[in-house]
Structures are given as structure tokens and as C-alpha cells.
Amino acid sequence: MADIAASSGVIGRTPSRTAERHEARTAWLLCLPAIVLVFLFILLPVAAVIALGFSDFELGYAGFKFVGFENYAELLTDRTFQRSLWNTMVYTAIVTPVSIFMALGLAMLIETEGIGRSFFRTAYFLPVASLLVAMATVWQYLFHPTIGPVNAMLSQIGIQGPNWLGASSTVLYGLSIIGIWQSVGFNLVLFLAGLTAIPRELYAAAEVDGARSGWDRFRLVTWPMLGPTTLFVTTISIINSVKVFETVKTLTEGGPNKASEVLLFTIYQEGFVYLRVGYASAMTVVFLAILVVLMFLQYRIQDRQVHYT
Amino acid sequence: ETTLTVHYPMPGFFKDVMDTISKKFMEENPDIKIQFANPSATYEEGIQTIMRQVGTPEMPDLTFIGLNRLRMANERDIPVDMGPLIAKDKSMAEQGFSDTILKLAQVNGKQVGLAFATSNPIMYYNADLVKAAGGNPDNPPKSWDEVIELGAKIKALGNSVDSIDFRWQGDDWMFSALLFGAGGKMLSEDESSVAFNGLEGQKAMTIIDRMVKEAGMPVFTKAAGEQAFVAGKVGFAFQTTGALRNTIKNVGGKFDLRTAEIPLIDPVKGKLPTGGNAVVILTHDAAKRDAAWKFAKFAAGPYGASVVVPGTGYVPNNELAAKSPEYLGDFYKQNPLFQAGLKQMPRMIPWYAFPGANGVRVTQTIVDNTSRVVDQSATPHEALDDAADEVKRLLPRS
Amino acid sequence: MSALSLRGIHKSFGGNPILKGVSLDAEPGEFIALVGPSGCGKSTLLRILAGLETADGGEIKIANRDISTLKAAERNIAMVFQSYALYPHLTAAQNIAVPLVMRRLTRAERLPVIGSLIPGQRKTVADIKRDVRSMAASLKIDHLLDRKPGQMSGGQRQRVALGRAMVRQPAVFLMDEPLSNLDANLRVHARGEIVELHRRAGVPTLYVTHDQAEALSMADRVAVMIGGALLQLSPPRVIYDDPQHIEVAKFIGQPRINLLPSQIEADSTVAVGGVRSALSNRTLSTGAAVTLGIRPEFVRIARGGDGGLKARIERVEFLGSEIIVYSRLDAIGETMIAKVSPVEGTGLAAGMPIRLHVAGEHILVFGADGARQPVMPQTTSVARETAHG
Amino acid sequence: MSANTLLLARIVRLSILSLGALVFLAPYIFMVSTAGKAQSDIFTSSLSLVPQQWFHVQNFTKALSRVSMGNLLFNGVIVCLLILVIQVIIAVPCAYAMAKLKFRAARAMMVLVMLGLLVPIHATALPLYVAFDKVGGLNSYFALVAPFTISVFGIFLFLQFFRSIPDDLIHAARLDGMTEVGIIARVIVPNAWPAITAFAIFSVVAHWNDLYWPLIVISNQAYATPPLGLLYFRAAEAGDDYGALMAATLIITFPLVAAFLLAQKRFVEGITMTGLKG
Amino acid sequence: MSALSLRGIHKSFGGNPILKGVSLDAEPGEFIALVGPSGCGKSTLLRILAGLETADGGEIKIANRDISTLKAAERNIAMVFQSYALYPHLTAAQNIAVPLVMRRLTRAERLPVIGSLIPGQRKTVADIKRDVRSMAASLKIDHLLDRKPGQMSGGQRQRVALGRAMVRQPAVFLMDEPLSNLDANLRVHARGEIVELHRRAGVPTLYVTHDQAEALSMADRVAVMIGGALLQLSPPRVIYDDPQHIEVAKFIGQPRINLLPSQIEADSTVAVGGVRSALSNRTLSTGAAVTLGIRPEFVRIARGGDGGLKARIERVEFLGSEIIVYSRLDAIGETMIAKVSPVEGTGLAAGMPIRLHVAGEHILVFGADGARQPVMPQTTSVARETAHG
């Protein structure tokens, strides 16, 4: 009986400290290679970009000088930059939600349907694997105002197809359609992988609990359990949409009359076509700053809601 | 033995040409070896690559730069001055390098390269549509008025046929074709003030405006215009003769493709801009420079031209090549479509490049404002004035 | 008419037959305990009934209606899963509320914000909350209602799972070891709640358990399933006192029944420890091998004296209110288990020589095929013999 | 009744999926059709997918002979494999530490990862180019691979998946005597196959198709990757050599499709977490 | 020297104190059963011991060595998780083999292909296979070795989890309800295997269970934990017969102990049903409220006659080898539980009036604070009284 002590405890050295230190050290070691590489290939170059943002460096000239906030001051009045901010926002606002919900819907349809799963997965994934260099030509043709199949199809049902990539009123939508086409497969694969992590037993429970329709099961099990995946997909989709570049570069060159100027294209144009690397760098910094704030807000809000353990 | 690394843009166009030329060159100069660096897709990307590589071991010994980018390259001191090399070389004229031709690749009097492939804007037309619209394909329009009138008739044929594809996108080249054709200039002689919004410019821009208003020219992207034309859905296309070979291939037998000289607003004083590129020497190594000069002359010389012209549609940059039956004389007889560009050669003047750091941006400004006319969101007058205002800002203040 | 009827249910997993034609009928409001060794197919049977697994063959009827083609959600069955299957993203309260929400609210009423604008929705929601709270109180988890499953102990999770099933009024209750992670007191309490609920609801209940006390005390009838077949389905007393198969006798009863090999002697009698019983039918010929079963509570220990079976104590196990004595028979080396009260057991220790006396009227006789052989009542005679069976 | 609704639901589902697939495949259909057409047959006013003359042989011959396709594909495979293997080796442990170990820098790491996700290669290409030039690393597999050895995307993706692996599993592994590295190799990786396969697909596709970075660091054709080969079919004036371009694109895309077909089973064949109760 | 020693372990979750200073010492080779109500912190204690959770305070020693700072992998502890925690991607055999592979093979030997080229590796692998097979056989899962957890029943999974812990030789065994999903026979069998293994290994074992038979029969000592504190740690008999706290008495014993409110009478005695006991120390004053505890097996039922407590049967529960009778005392309305043999119980039915007699020497007295009050031996006197307590 002597060994019973309902004593209120010998709180000596806290063992937890040491254990926590152990764990922290292991964690550090595991992260170290990644940290080093992030430093080398992301942080340092970004630092260089920030530094260049304060300079008047131009491609082809050897020297440059620091000009303080001149580039940033110029940015404030740069209408092209403002235009491209707006266009990027519109593009992102269209492509992100549509591609996420389409991918989710397709993922669920494919998984419930027994027939042709591999085929459908591949079909929807193919756009991700496409080489834009060649695909640009194809889209150009598909969206052709007069000889293009899309408008031919529309005219079959009596609609006068728009001048998709040629008119400033529709060019962003045309690009958005291509953007959706490209990213649905990407999101689809992520959702398919996410679906596998949901324990089957929960669906059994949902059925027994009276979740009759697929929709009920979706609301009760799939959607909440996919939370982490959705968070991930949303984050990545936003980032990818904001980083739209290749389609604009190959299909519209920002035109007509800047109707499809987007941020990365503007930056590219400034840096590599107009060769003003310093100014382009300042733009990049602003671009990053906006994104960082945006992403953190989005991530923090959503992250709270999706992790259960 | 010397090895030269050569870089060139648009391999889809130039790969075969380059391969043929370098093979022949190495046969004639066994002590020089030519190797190619990874080519660039466009002139734009080509010059970017070179500018990045300046000063690194990756920099090639020779490259081919778009004629409108020579000025910019020169401002950055990238090309080797060919002046001394030409001076040493006594027989430039005999080799077919006339002064006019040398001028195409000069910046402020400095010889920064040798024009390699040169082009001028011509008129392509669909003879079938012209006929259907009541025109005579054998007697194509000579003036813009005729073009616009016939274009309107073609448009009226319906069946989603369009009248005209005027290639205003991409750069200011086609605008300058109208402007120079009216005898106008981009800037004043001393390059201190804007001149393209003068009378000639107004006339030029009004032509574009009329194409839209009177002949219903749609807003095409560059590729869309090309595709519609080769599909037989456009009556007239105005663009570089350099695209001829590809256009012929794309049209095949679908319709009767013809070419003609481009109308000039002022048929007397009218000039035309020269497109294309020039071979530029980059290496500062003395031994290599001689070899490079040999190659540059060879490529830009009559043999080079005789390879380039049939394969592309460019006009000969070398008088010898153009005239001598040894090179291209017979070719033109057998290929009448290629004659339009040839006939316009006397009118060719350098493609104007704007001075200063913002040279390239100026071009974009002109394109953007042209597009406002095409989509009818601005009158020619407004567009030109806005462009002029902005260009004024962008020019170096002296 | 039976409230629930299974006919010839078959099921294999990858070629292995798991259920080999299970048939079972439950009266309205009957409570059936399903017991059987681990892996015998109990959970599989429940899952088939619930519609979560499809049988390879057989027929399922609820209230005489064939439900084999109905989907799980349409069968109106409540089930406690062996693995709990709680929704990890919902709190205990929300978990318990799910079946009510699914049934009492229309699809529109379930919509996040809009739902609450529909007249009557608030009232229903409040009712659901109240029902959940009282359910939780009866399972003693009302203080946990706001926790998510990840923050609960094993037993707490199990109670939430139980609550989720019990909160509604289904056509059939299925419970798969719903109390296995609870302590004895809580288990007794929960047992009471389940019985009470069952009485009120009056629907057939199939209850899988490994706890025989549970099975015997709660059930109207006990179904013993072994190797994918139902061997016996009888009221608890019958299952225990009158098992029809040696496997049932072996499975039911804790500590387990003593089995002694024996032979039919002349006149169709069997003898053990000086006690002789006569079989009531003469199907087995003299000399046929049989097995005699004697429950531990019918084995009495004498520390000396005559008669009975000579044995030596191997191990004495203390179980609080009783003592289990394991001893080895001198004659045939088999182990015999006796269950005695702490008072009787005082002083017994391993190694002690003892004599075991069996109560003759409680001997069960099983033929070589395992089937029970009836014994003529009142025929047991006690013969003075030397102590060996 | 339910048999009928089931059938109907099925028909609706299949129609939606098929229609969608058709839309998504449309560009490919056009591409395949173009690869079999003569140049003059491509842009016509009729919308015929069937070539008037069968030009497959010519186009594919051109695609294979105009560039050294074998060399391009080989470089592509080497580069993609190197990138993938290193990325996984670097990202998995890091994501594991961030998801399952307690350490104070985890939050800062998250910031780094997010930042990394946001930074486009277009922005940092120039400083990176200068750095590679300084160390004399241009024109090498090293230059093609190095900047992508760190995949913040991978870290982020794995992080999400690892979080849903139950802690008890890791606890069991620790008690069984596994080191943290052992846990990663023997517990995390096998249970995260869907995520790793998905990542592998993305990584390979992205780097197989990447044109931007190779164009910057590679001027020596010996190291050219597949998309660089496509340049040879491009002409800025009057369009590309479409037939050959499409044929070459198909040749280059084919390995990706094959790889995807092989891999897709893996990321859906989930390992359900049935070793656990609760 | 103690083989395992916990000192003042504290732990809170989000401000809720769960463990409130738990201290415990185990002798080398001692088997301690840890019991307590659901949610009292048993699993948490084991997890802290294993190093999976960090205590807020306190000290843990194994063989006098402080291991608080060691990582879980270094503590050499084997644990059966309440949630099993099987590796879903490995077969049963591989699951069981993991701890052996990790300990017996060097890092190089574990490499996929290369490993098998290292001399000696094949032999070790074969040894591991053999050990796994014999472990599996002893848990009767040898036919499941190639299945993955997803293809096993609950009880089968639990046995794999048990096998994984038992297959190796750790410094301490921790088992968290390792047999909860097994049927009675299997449980008895597994119990035997665990005891056997424990005897062979001779390492301290902490065994959480809700099955009192398990706790009492297997353990050298039983630790009763209630509300985050260890109330008593004693050998089974002591825990049962001599509980030091009313909570312990209430928790241990099935069916649960009868508790009757009472008062200290003059001379420090208490009386119930005509039986009187004298307290051995006089700390409680006359009139102080106490609670009397009488185990159900010490309550005898008389169908008539004099004396004892008058009561009426409420419910009779059949448990196979015994019968539990619930009756309500006429005088004070409390329920009394009696446990009788089937023979004694024959004929008892709800509603019957009876008299309950308690065995005076077995009455436990608890003060108002719950602490046990010793009773003087041999002082119990039976007085003829009218039948009320």
C-alpha cells in the first residue's frame, strides 16, 4: 500500500521539455534538405528580385544603379499594370471555382460509375499532359470565329458565336475556358486521390443513418472528409490561375488592346521584351505581396475548418 | 580548325536553310566547323537569349537578329562592327552587296550586320473569291480604294466569307507599310518629334478604318487571319512575302492563290519597310571573327539567298542572286507568285526602329492603338493622337 | 408472421464461404442475441441485413416484405458498428443527431442557412436537440456532447455510436458488440438502457456480443453461430441447459463445460465418476464413442473420502464472487473445471489431491457427430465404484 | 422501382461523363486528325476530321527525322526521373515532420512553402540563370534538374495527406522500434501511395512538358528535352508545319499518357484505414 | 528496487485535468491490471508511459532508469492499442513481424533486395517467420496470416494487434483492452497465452481491461483508477474482499455490491438485517452516516420464515451457471442484488415476497468520505429482530 500515493505530484524537471526537444530536433533534421533547397532556389532568387526591384537594371546592359522606390512610384500610375491586375482577378474568379467544382463533380461521377473508369480518368486528365505549344494552335483553330468548330456548333443551334480570342469583350472568357480545360484534370486527380482516404465504413454508417441520396452522403461524409483535399485544391487552383501565362503568351499576346493582359504576362513583357528587368522585378514583388496576403487569409480561414484530429 | 557556334530563330522556317548553307560552307571551308546552338522560336526570344548570354561562355559566335531589333542590340553594344571588315574586303559589290542592301542592317551608319533574309509586304488574294465578287483576278486592284470596294463585294458573298485580313497585329510593320507607302515617316528626321500622326499617318490609319467600316474587316488574331485566308474564307491578305511558301503549302489546291504588289497611298513617293533578319557577329575573338565574317558573307551572299528565297518567300538580299540565272533567275520565271515581292524591291527602305530604351514599347503602343481602330473603339484620329502622345512620353528626352 | 426473417443467407469472400445458409426468424419485438466465435460471420450477417454487403444468396424479409433489393438507407435499420464508424468531423451531439436530421428534416430544411427559414424547421431542430440530449444523458455522455470523436476515450466513442443507433425508431435494431469497451458498471447500466429502449420500441433486435452474461440476461432467444451456420436458436435457459450440439455447449458457459470422452455401455448407458445415465433413445450402439459434458458448477470438490473422480488441483483462479478450480483427472489426464463459492474454495491450492463429484442429473451426452443424445430423466443411478470414470 | 431509377441514374451519369470526355478530348481529336493531314488539308471551310489523303506516314516520318527524337525522349526521361526521385526524397520527410512532429518552426515552414508556391519560375529565372552561369553549370542535366529538386507543391500536397493518417499508426510504429525515417519509409509512404502517385504524375507531366526553363539553360542540343524539339516545327510566319507539329506532339505526349494509364490505378486504389477502430 | 515506477504523473487536455498525480510501482515480472470507468484516463496513462504523449509533470522509471526523456522508440515498450493501430498496408504476418524485423535485422539487412544478399540475413528472416507463425498459432490466427486488416473481423484484428505486441521481448508490456472483442472461449485461451508469455518474459505488465474476471484472474495486483487518481493497488483478493474505498467496492464485483445507508449506533456498531458489527476504531461518532456494503453472493434468499430483510423480487436474471435476483427492500425501498445458484434460484419470480439474509462477517462499512472503516473480527452478532434493517 506504500506504493500508492494520491499525492498531488512531484513536479520535478519537466520530462516533456526534453522529449519535445528531441522531437523538434528530428523534425529539423527531416526538414533540413528541403530548407536548404528552398533557400537556394527560392529565397535567394526572390531576394535578388527584390533587390533588382530597386534598380534600373536592363537586360543587355552590364551595369545598373539603385533608384530607390522609383519603380514602385511608376507602378502606381501604370495603367497596364492595373489593367492586368483586374484581368487576372477576373480570370481567377472564373477559373478557380469552375474548375474545382467541375473536378469534384467529375471525380464523384467517375468513382460511382463502374464502366470506363480508366478511360474517363485519362480523358479528363489529358489536358494536363498537353504541350501548350501545340495546343495553342489547336485552340486557336477551335475558337476561330469563322472556320472554328466551336462557332460552327453554336450556329447549328442558332447562336452567332463570338469572336472568342479576337474581341476584347470575350477574350478573357475564351482564355478562361482553356484555363478550365487545363486545370480540371489536375484537380480531378487530386480529388480522386483524396476520395481514397475516406474510410468506407463512414459511407456504411451514413447509409444506415438514412442518407438516402447521393447528395446526402456527399454532404454528410464526402464533402467534410475531403476538406483537406479541397483546401489544397483551392489553394493550388488560385495560385495556378493567378500565374496564368502560357496561354496568353501563345494565343493572344495580351491583346487585343490589353484586354487579356495578365500579371505574369505584363511582367514578362516588361522584363524580357521591353527589357526593363528592374521595373519588372518591382512588379513581381508587388505581385508576390498581394498573393501572399491573399493566400494566407484563404488558408487560415479554411484550415481551421478541415482538420479533425 | 575553327568551330563557330551559330544561333538562329524560327527553326521551322530556317532549319533546312541553315543546314544546307552550313553544309555547303563547310565543304568550301574545311578548316571551319559550324555547329548550331539551340534555336529560338521567334526573333523576340532569340534576342532575349542572346542578351542573357552576353558575357557568358554560352554566347554563340553568330546570330540572326530581326531587322527592327538591330538598333536595340547596338545600343547594348552587342554586335561586332562590320565596318572594318567591309573596309578590308574590296569586292563587296561584286559579291552582290550593294549599298542599298548594306544599309538595311546599319544603325546610325554603323554596319551591325548583313541582311540575310529580307521581305516586303505584298498582297495575297483569293482569285476564286475575287471572281465570284465580279472582279478580274488577272487584273488585281492597284489602289486601296479598289481593294476596299472589291472587299466589300466579297464580304457580301456571305457564307461567312470575310473581305480583308490586314496583318496589323504583332508589330508596327504593316502600319509602316501604309505610312511609308503614303510617303510618311515615323519620327522627324532628327528623331526628336513624332511624325506618324501627320497627314500621311492619318491617311494610313483611315485606310484601316475603311477596311473595317466599308469592307467589314473583322478583328482577327494573327493566327486566325492566316487560317481563315488559307481556308479560302478571306478575299485579300496583306502581309510579308516571307510567308509565301507556307501559305502556298497551306492553301494547296483549295483555291487559286495569287499575289500582287501592295497598293501604295502615294504610288510615286511611296516606300515599303523591309522585314527579315540580319546575320550578326558576336564573337570578339580575333581568330574566330575572321571565320565568322566568312560565314556571314556566305550566308548573306548569293548562295545563301538562293537557298532562302525558294524555301520561304523572302526576296533576295543580294543583287547578284536576284539577277544571275546561276542562282535565282529561272526560279522567278517558274514561280510567278514570288514576283510580287521581287518587283517591290526598289521601294524597300529599312524597317524603322525607334531610339532609346523604350523602342520596343513604342511599337506595342502603335499596335494597341491600331487595334482600337480595328475594333472601332476609336477613330483614326483619336488613335493616332493617343499613340503620338504616348510615344512622345516614351522617346528619350534630349 | 415473423417481424424479421432470414432464409438461407449465403456469403463468400474471395471463394471462402463465410455464411453457409443462415436462416432465422424473429417475432415482433423479439430480442435475439447472436453469439459465436470471433470470425464466424456475425458482423457479416448484420451487414448483409443492413444492406451494406450483398448476400450471394438467400432472402431477407422485414414484416413479410422482401427488402433484399432495397438500399441500406431505405431499409430503416439502426446499427451500431463494431468499429463505431463515427463521423470524425462532427461532435458527439451532431453524430447522434444525424439519423434524426436525415429523417425528420426535409432536404430543403437541411440546407445550411435557407433551411432555418422554413417554417417549422426550428421546432424540429429543437426537438432533435432535445432527443439527442436525453439520449446522451441516458448513456452518461452528456458532458461530452461538444467533443469530436478524436477527443474521446474508446468507451466514450462506443457510447456515442450506441446513442446514434438508439436515438431513432427503426424497423430493426442491429448492434455489433455495442458495449465491448465499457466497464462493468457502465455496461450493466447501458444494458438496462438498451433493454428498456427495446421494450418501448418493440422492434426486433439482433445483438452481437461476446459477453455471455449480456447474451443470456438480455435476450429472448440466443442464436449460436459457429463456422457460418446457426447451430441453435433458443431461449437462454434452453441454450445453456439443453444445448443441442456439443459446439453450443462448448461455446456457452463460462468457465467452459467439462468434456469427457466415454463409450456407450450395455443397456445404452454411460457412466462417469460412479454416476450412470441411460440414454432415452437407442440409436447409438454399445461401444460407440460419446462425449459427456458436465458444467463446472455441477462439479463438487471433496478433499477426501470415497467415490467420485480422483484428481489433483492444477490451478485455482479467483474471480471475486467465485473460485474456479482446474484439476487433472488421475485416470485419464483430462482437465476438469469446477466452479465453487469462495467459502467452499478456501484452502484449495495447486497440487492438492481431491475427488470430484458430478451431479448425475446434469450430465449432457453428445454423440460422435456432436449431436445431443437425450438422457432418460430419473434414470441416473449412483453406484459406489472406485474412483475412476 | 429502384432497379429502374438505378438504370436511369446510370444512363444520365454515363451521358454526362461521355459528353464531358468528348469536350475535353476535342483538342486531341483535332490533333490526331491533323497529324494525318497534308498541310493544305488542315484549314478548310469544311469541318472534316478525316483526312482527304492519308498523310500519317509523311508527318510522322518528318517528326522523327527532322529532330533526333530518340535523344530528346532520352533526355526527357532522365531529367524527369531525376527530378521526381529527388523531389520525393526531399519533400516526403519534410512534409512528414510538418504534419506529424511538433516543432516550433512548423509555422515558419508553412510560410516558406506557401511563398514557394507563389513564386513563379518566370520571376526568378534570371537570378537563377546568373547563378548557374557563375558556377559553370549551364548546359547540363544539373542545370535542368537542380532548381526543381525542391517541390514546395509536393511538400504541400503530402502535408495534407499525411495529416489524415491516424496518429496511432505512427505511435505503433515508434513502439515497434522504427526510427522516424523508418516510419516514413515503412508506414507513411505505403499508406500515402495515392498522394505520391498523384504527385509523380504532376511532376513528370510538368517537367516533361516544360519549355521555359530548358530554353533558358540549354543551348547545347545534346541536352535538349522534348519540347525543345517541337521548336523545329514552328514558324512564326504563316503558321507552323501543323501536320508534323501534331505528329511530333503526339509522339512526345504518348509516353505521358502511357505512364498515366499505368499510374492511375494506384492513386484510386486507396488503402482504407481499416487497421483502426474508432 | 522496482521494475517500473511512476511518480506523480499529471496530464490535462485543454485545461481538463485527466490524470491527477498517478504513482505506481511494479515489481520485476509483476502483472498489474489497470481498471476503472470509461474515460478515467487509463489509455492516457499507458500512452504517457509509452512516450506517445508527454505528461505535464511526473517521473517515469524503468529498472530505476529515468526514461522520461527517452523517445518512444527507445523505451523498448510493447503496447497493444485500444484502437489496434494495425498497419493497413501489411498482411497479418507482416504486421506481427514488424517489431522483430526492426530489432533483429540491421538497417542494411532490411533493404529490399540487397538485404537478402547479406550473409545471415536469410536465417534471421526465417527465424522471424517461424516466430510469427508460432505466435499466430497460439492466438489461433495462423490461417489469416496473408490477409490484410481490411479483410479481417474485429476479433481477428485485435488478435493480430496482440500478436504484434507479444511477439517480442520488451522491457514493459502495455495492453489496452486487448481481448475486448474476443468471445469467451478465445478470451480464456488468450488470457492463458498472455499469462504464459508474461511468466516466461518476466517483465512488468500493465494491463487495462473492463473484464473483471480478466483483471482478477490474471493480475498479481489490480490498480483501480477512478477520476484520474489511483484509489487502490492491491492483490485481487484484497481488492475484492478488502476494498479501501467505497468507489473501489462499487467498481469491482459483478453484479455490483449492495450499498445500504446506515448510521453508527451506540458502541460504534452498525446493524443490518439483524446482523450487527462493531467498528474496530472509534473515529466515527454515534449517529454518523455510513454506507454498508454487502456483496450479492453473501445475500441469501429465504422464501419465508423470520429474520433478515423483507423484500419483494423485482427481476430474476439468468446467467447460465448462476441466477441474479433483484429485489426491493420493503423498509427503505433500496434495491438489493443477490446471486444464487441455479438450484437455489429455481422457482423465484418477479413479485414474490422474500426475506434476505446477509452474512454478517462480510459486511463492509464505509464512512461518509468513502473510506473504509475496519470492523472488528468476530464481533458480528446476530440478533433476532423484526425484519428491517
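What to note about this one:
A, B, C, D and E are the chain letters, set down in written order, and residue numbers restart from 1 in every chain.
Definition applied: a residue touches a chain if its C-beta (ideal position, glycine included) is under 8 Å from a C-beta of that chain, and two chains touch if they have at least 3 such contacts.
By chain, with names taken from UniProt: A = Carbohydrate ABC transporter membrane protein 1, CUT1 family; C, E = Carbohydrate ABC transporter ATP-binding protein, CUT1 family; D = sn-glycerol-3-phosphate transport system permease protein UgpE.
This is a predicted model, so every value here is computed, not measured.
Hopping across touching chains, the smallest step count from chain A to chain B is 1. By C-beta contact pairs, the most connected chain pair is A-D. Chain centres here are means of the Cα atoms, and by that rule the chain farthest away from chain C is B.
Each chain gets a centre from the mean of its Cα atoms; for chain A and chain D, those two points are 15 Å apart. Averaging Cα coordinates per chain places chain A and chain E 55 Å apart. Shared interface positions of chain D, i.e. residues touching 2 or more other chains, are given as 43-45, 126, 166, 234, 239-240, 271-274, 276-278.
Multi-chain contact residues of chain E (touching two or more other chains): 51, 71, 82-83, 154.
Across the assembly, chain B contributes 52, 223, 227-228, 231, 233 as residues in contact with two or more other chains.
Chain E contributes residues 47, 50-52, 71-73, 75-79, 81-90, 95, 98-99, 102-103, 149-150, 154, 157, 164 to its touches with chain D in the complex.
Those residues of chain B lying in contact with chain A across their complex are 44, 48, 51-52, 54-55, 72-73, 76, 78, 160, 162, 169-170, 218-221, 223-224, 227-228, 231, 233, 357-358, 360-361, 364, 367-369, 371-372, 374-375, 377.
Those residues of chain A whose C-beta lies close enough to touch chain D in the complex are 20, 23-24, 26-28, 30-31, 33-35, 37-38, 40-46, 48-49, 52, 106, 109-113, 115-135, 137-139, 141-142, 147, 149, 152, 181, 184-186, 189-190, 192-193, 195-201, 228-229, 231-232, 235-236, 239, 243, 245, 264, 267-268, 271, 277, 281, 284, 287-288, 291-292, 295-296, 299, 307, 309.
Remark: chain D residues 10, 13-14, 16-17, 20-21, 24-28, 30-31, 34, 43-45, 47, 90-91, 93-94, 96-98, 101-106, 109, 112-120, 122-124, 126-128, 131, 146-147, 149-150, 152-153, 155-157, 160-161, 163-164, 166-167, 180-181, 184, 194-195, 197-198, 201-202, 205, 208-209, 211, 227, 230, 234, 239-240, 242, 245-246, 248-249, 252-253, 256-257, 260-261, 264-265, 267-274 touch chain A in the complex. Chain E makes touch with chain C in their complex at residues 13, 35-39, 43, 82-83, 144, 151-156, 158-159, 176-177, 180-188, 210-213, 216-217, 236-237, 240, 250-256, 295-297, 317-322, 324, 339, 341-342.
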